[in-house]
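Each chain gets a letter, A, B and C, in the order it is written, and its residues are counted from 1.
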Amino acid sequence: MRLSVVAERMRAQQPLVFCLTNVVVSNFTANVLLAAGAAPAMTNLPGEAREFAKVASAVLVNLGTPTTEQMHAMEQAVVGANEANTPWILDPVAVGALGERTDFARSLLPARPTLIRGNASEILALAGFESAGRGVDSTDSVTAAMHAGTDLARRYGSVVAISGPADAIIDADRTTLVHTDGLALTKVTGGGCALGAFTAAMVAAGDEVFEAAVSAHAWYGLAAERAWSRSRGPGSFAVNFLDELGEVTPSDIDSVRHEKH
Amino acid sequence: MRLSVVAERMRAQQPLVFCLTNVVVSNFTANVLLAAGAAPAMTNLPGEAREFAKVASAVLVNLGTPTTEQMHAMEQAVVGANEANTPWILDPVAVGALGERTDFARSLLPARPTLIRGNASEILALAGFESAGRGVDSTDSVTAAMHAGTDLARRYGSVVAISGPADAIIDADRTTLVHTDGLALTKVTGGGCALGAFTAAMVAAGDEVFEAAVSAHAWYGLAAERAWSRSRGPGSFAVNFLDELGEVTPSDIDSVRHEKH
Amino acid sequence: MRLSVVAERMRAQQPLVFCLTNVVVSNFTANVLLAAGAAPAMTNLPGEAREFAKVASAVLVNLGTPTTEQMHAMEQAVVGANEANTPWILDPVAVGALGERTDFARSLLPARPTLIRGNASEILALAGFESAGRGVDSTDSVTAAMHAGTDLARRYGSVVAISGPADAIIDADRTTLVHTDGLALTKVTGGGCALGAFTAAMVAAGDEVFEAAVSAHAWYGLAAERAWSRSRGPGSFAVNFLDELGEVTPSDIDSVRHEKH
C-alpha cells in the first residue's frame, strides 16, 4: 500500500489525540499535531482521563515528567482507551535511566499498548534488557534494540517503533526500516515525544497499526530533513519543521525509502 | 471612544497579569503579554495565589490543564482578586467536553468574573445550554452562542467574549462584533488562551471592561491577520505574530471594523 | 584564563543538566541547553530526584512555578547533589515578591548552592535585605544588590550571579562585571531562567565555578546581542537566539568585555 494513504486519511479525519505528556514538550507536541492536520487535547485529571479516552481518536501516554496525579490519570486513560477500543501509544521516556517511571511503564504493559515508541535504550530497558541510556539520550543502536522490540511486540501485541538514524517499525513477525535524515530532530527538545503524538494520530486514521506507523515515521522524518536544509540552527529548524509538516505532499511521503529488515 | 486609547494606556502602564493557566500555552501566553507590553507572572501554589491576586493588575483563570493543587490556587486567587477589586478573567477551556472542569468552572461563576472568554461551544456549555464542543475545538457558531453570552452577562455581571471568525463582545444589554481575519490563530495552540491573558492586561488598563475587550480583540486579531500574510505555515506564524503584536500602531487598531450587533 | 576555555570544554563534554524548573520556560530551557551543546533532562518526582542528581553533571533548582510535589523533589535533588558533589544552581524566581517560595528558597541555603543566579531584587530579598521586586521583574539595580551577593557568597560559599544591563559575578572576595547588550533577553520569557540552566552546564564543565559563570554570562549575553541585531521583534529574537548560541565561537567569547569591579 502507498505510504500516503494513511496520511491523506489523517488529514481528512483530523483525529483528536488526547495527550498525557510532559511539560517540556506539550506546546511543541500540540503544534506538531495541528501542523499535520490533527487536533490535540490534554488533561491530567484522573477524574477526566477515563471518559475522555473513550471519546478521543487516540491516547498518548508519555512519561517525560510524570507527577503522582498525572500517573493516576494515565492509568485511568488506559482503562478508558481499552474499554472503548481507542488506540493508545506508550512513550517510555527515560525508562531505564530513572527508577520510578521504569516500574510505572512496566505496570502499564499488561494493558497492551497499541504502539510503543522510544529510542533504543528506552526500548531495551522497557523489555528488561541491558541498556545504557543517559537521561533522554539513547546510547544504544537501533539494531541492538530490535530483538527487544520484537520481544515486546510478541508479549503485548504492540507495534514497536524505535527512533534513530533509521527508524525501525516492528511487530511480532516483521521489521521495516524507514530511512530519512531526521537527525535535526535531536537538536531540539520534543522531536521524539511529538513523534509519539503524531504517530498516535496516524494510527487513529489507519486501518492497520504497522502501516500507519511506517507512514508516520516517513512523513515526520522527511519534514525534518527538508526543514533542516533550510535552517541556520535549531531555533529556525523548530519553526521550519512545523511549516514543512503541512507542506509535505502524498507523493513526497511515497518517495521515502523503507525496506523490510 | 477610539479603540487605541486602551492600547496606549496598557503599553504605558505595563500591567502585571497573574496567569493561572495551562502547561501547553504558558510559554506562548507569557511571550504574548511581553510582546504587547504587559508583564506576565505565574504561580500555582494555593499559599501564594491569594496574596498575589491582590497586588497583580489582573488575574487569568484558564482551565486548560488543571491539577487538584492548581484548582485550589485558582479558588484562592479569585478570593484575593475580589478582596482587592482586581479584575479577573475566566477562560473555561473544554468546558462541556470534560466533566470535572465543567463543574469547577460553574462553581467559580458566583464569584462574578470580570470577563469570560471562550469559544462558542464553551460559552454555551458554561451557561448550561446544549453544545457540541470537541476537546478545545468549537463546533458551534458565535451567533448561536450569543444568547448564552448575554445570559451569563446578566446573571454574573460579566463581560463575555466569544472567539470566532468574528469575535462577539457581550454585556447585559450590548453586543459588538469585531471583524478581523484571525483564523490563523486556530493553526497554533494557545491562540485563544493567550487572548484571554492579553484581554486581562487590557481590562486592567481600561476604564471600562467592555471597551477594553473590544480593543483587545481588535489589536490581537489584526496582529494575527498581518502575521499570517507574511508566514509560510504555522511555525513561522507563531513567530511573526509575536513580532506583529509589538508593531501594531494605535491607528492600525482604530482601523479595525467593529459594529453593534 | 581565556573565557572560551570553559565553553570549549562544555561543548566537548555535553554535560547532562538535571533541571527542576518552571512550566513556563521548560521548553525554552531545554532548547537553550541543546543549542549550546549540553543535554537537558527533567523529572519532578521526589522518588527519582535524589538518584538522578547523583548521576547528572549539574542540577538546576528554579522556583518559577513550584508545586508541593516539585518542592519535595527539589529537596531530594539537593540532598543527592551534595552526596555526589554534583554542582547545584539555585534560581530564586520571584523570591521577595511571593511568600511561600521565599521561605522555601531560604530553607535550601544551608545546603550551600554552588551558584545562585537571579535579578537584583531576587538576590536582595534572598539575602534578607529590602527589595522592590514585582513578580519576576527587578526594580533594583545590579550595583544596589552587590552587597547582598557578597553576603550570600560569604555565608553559603556560593558564587552569586546577578543579571542586569551588566551582569555581576560575585564570590566572597571578588566581583566581575560582564558587559554585553543582552537587554533583548527581557523581551521573551525565560531569558533569565534558561541562563541559570546554561550556567549550570558551564559550571559542570569548568574547573572553577567563578570563571565558569563569567564565561557563561559572556557567551549567553553575546548570543543575545547578535540575535537581537538580526530580529524584527521578540518572536524572531527567540528563534535567532537559539541559532546564535551554537554559532558563537571561542574567539567571540574571548572578546566580551569583563572587568574586576
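Couple of notes before you dig in:
One rule holds for everything that comes next: a residue touches a chain if its C-beta (ideal position, glycine included) is under 8 Å from a C-beta of that chain, and two chains touch if they have at least 3 such contacts.
Keep in mind that this is a model prediction, so the values were computed, not measured.
With rounding to the nearest 5, the Cα superposition of subunit A on subunit B corresponds to a rotation angle of 120 degrees.
Under half of the residue numbers at the subunit A-subunit C interface are used by both copies of the sequence.
Inter-chain spacing, taken between the CA centroids of subunit A and subunit C, is 32 Å. Along subunit B, residues 23, 27, 67, 238-239 each make contact with two or more other chains. On the subunit A side of its complex with subunit C, the touching residues are 22-25, 27-28, 64-68, 94, 97-101, 134-137, 187-190, 231-236, 238-239. Touching subunit C in their complex are the following residues of subunit B: 16, 18, 23, 26-27, 30-31, 34-35, 39-45, 47-48, 51-52, 55-56, 67, 69, 238-247.
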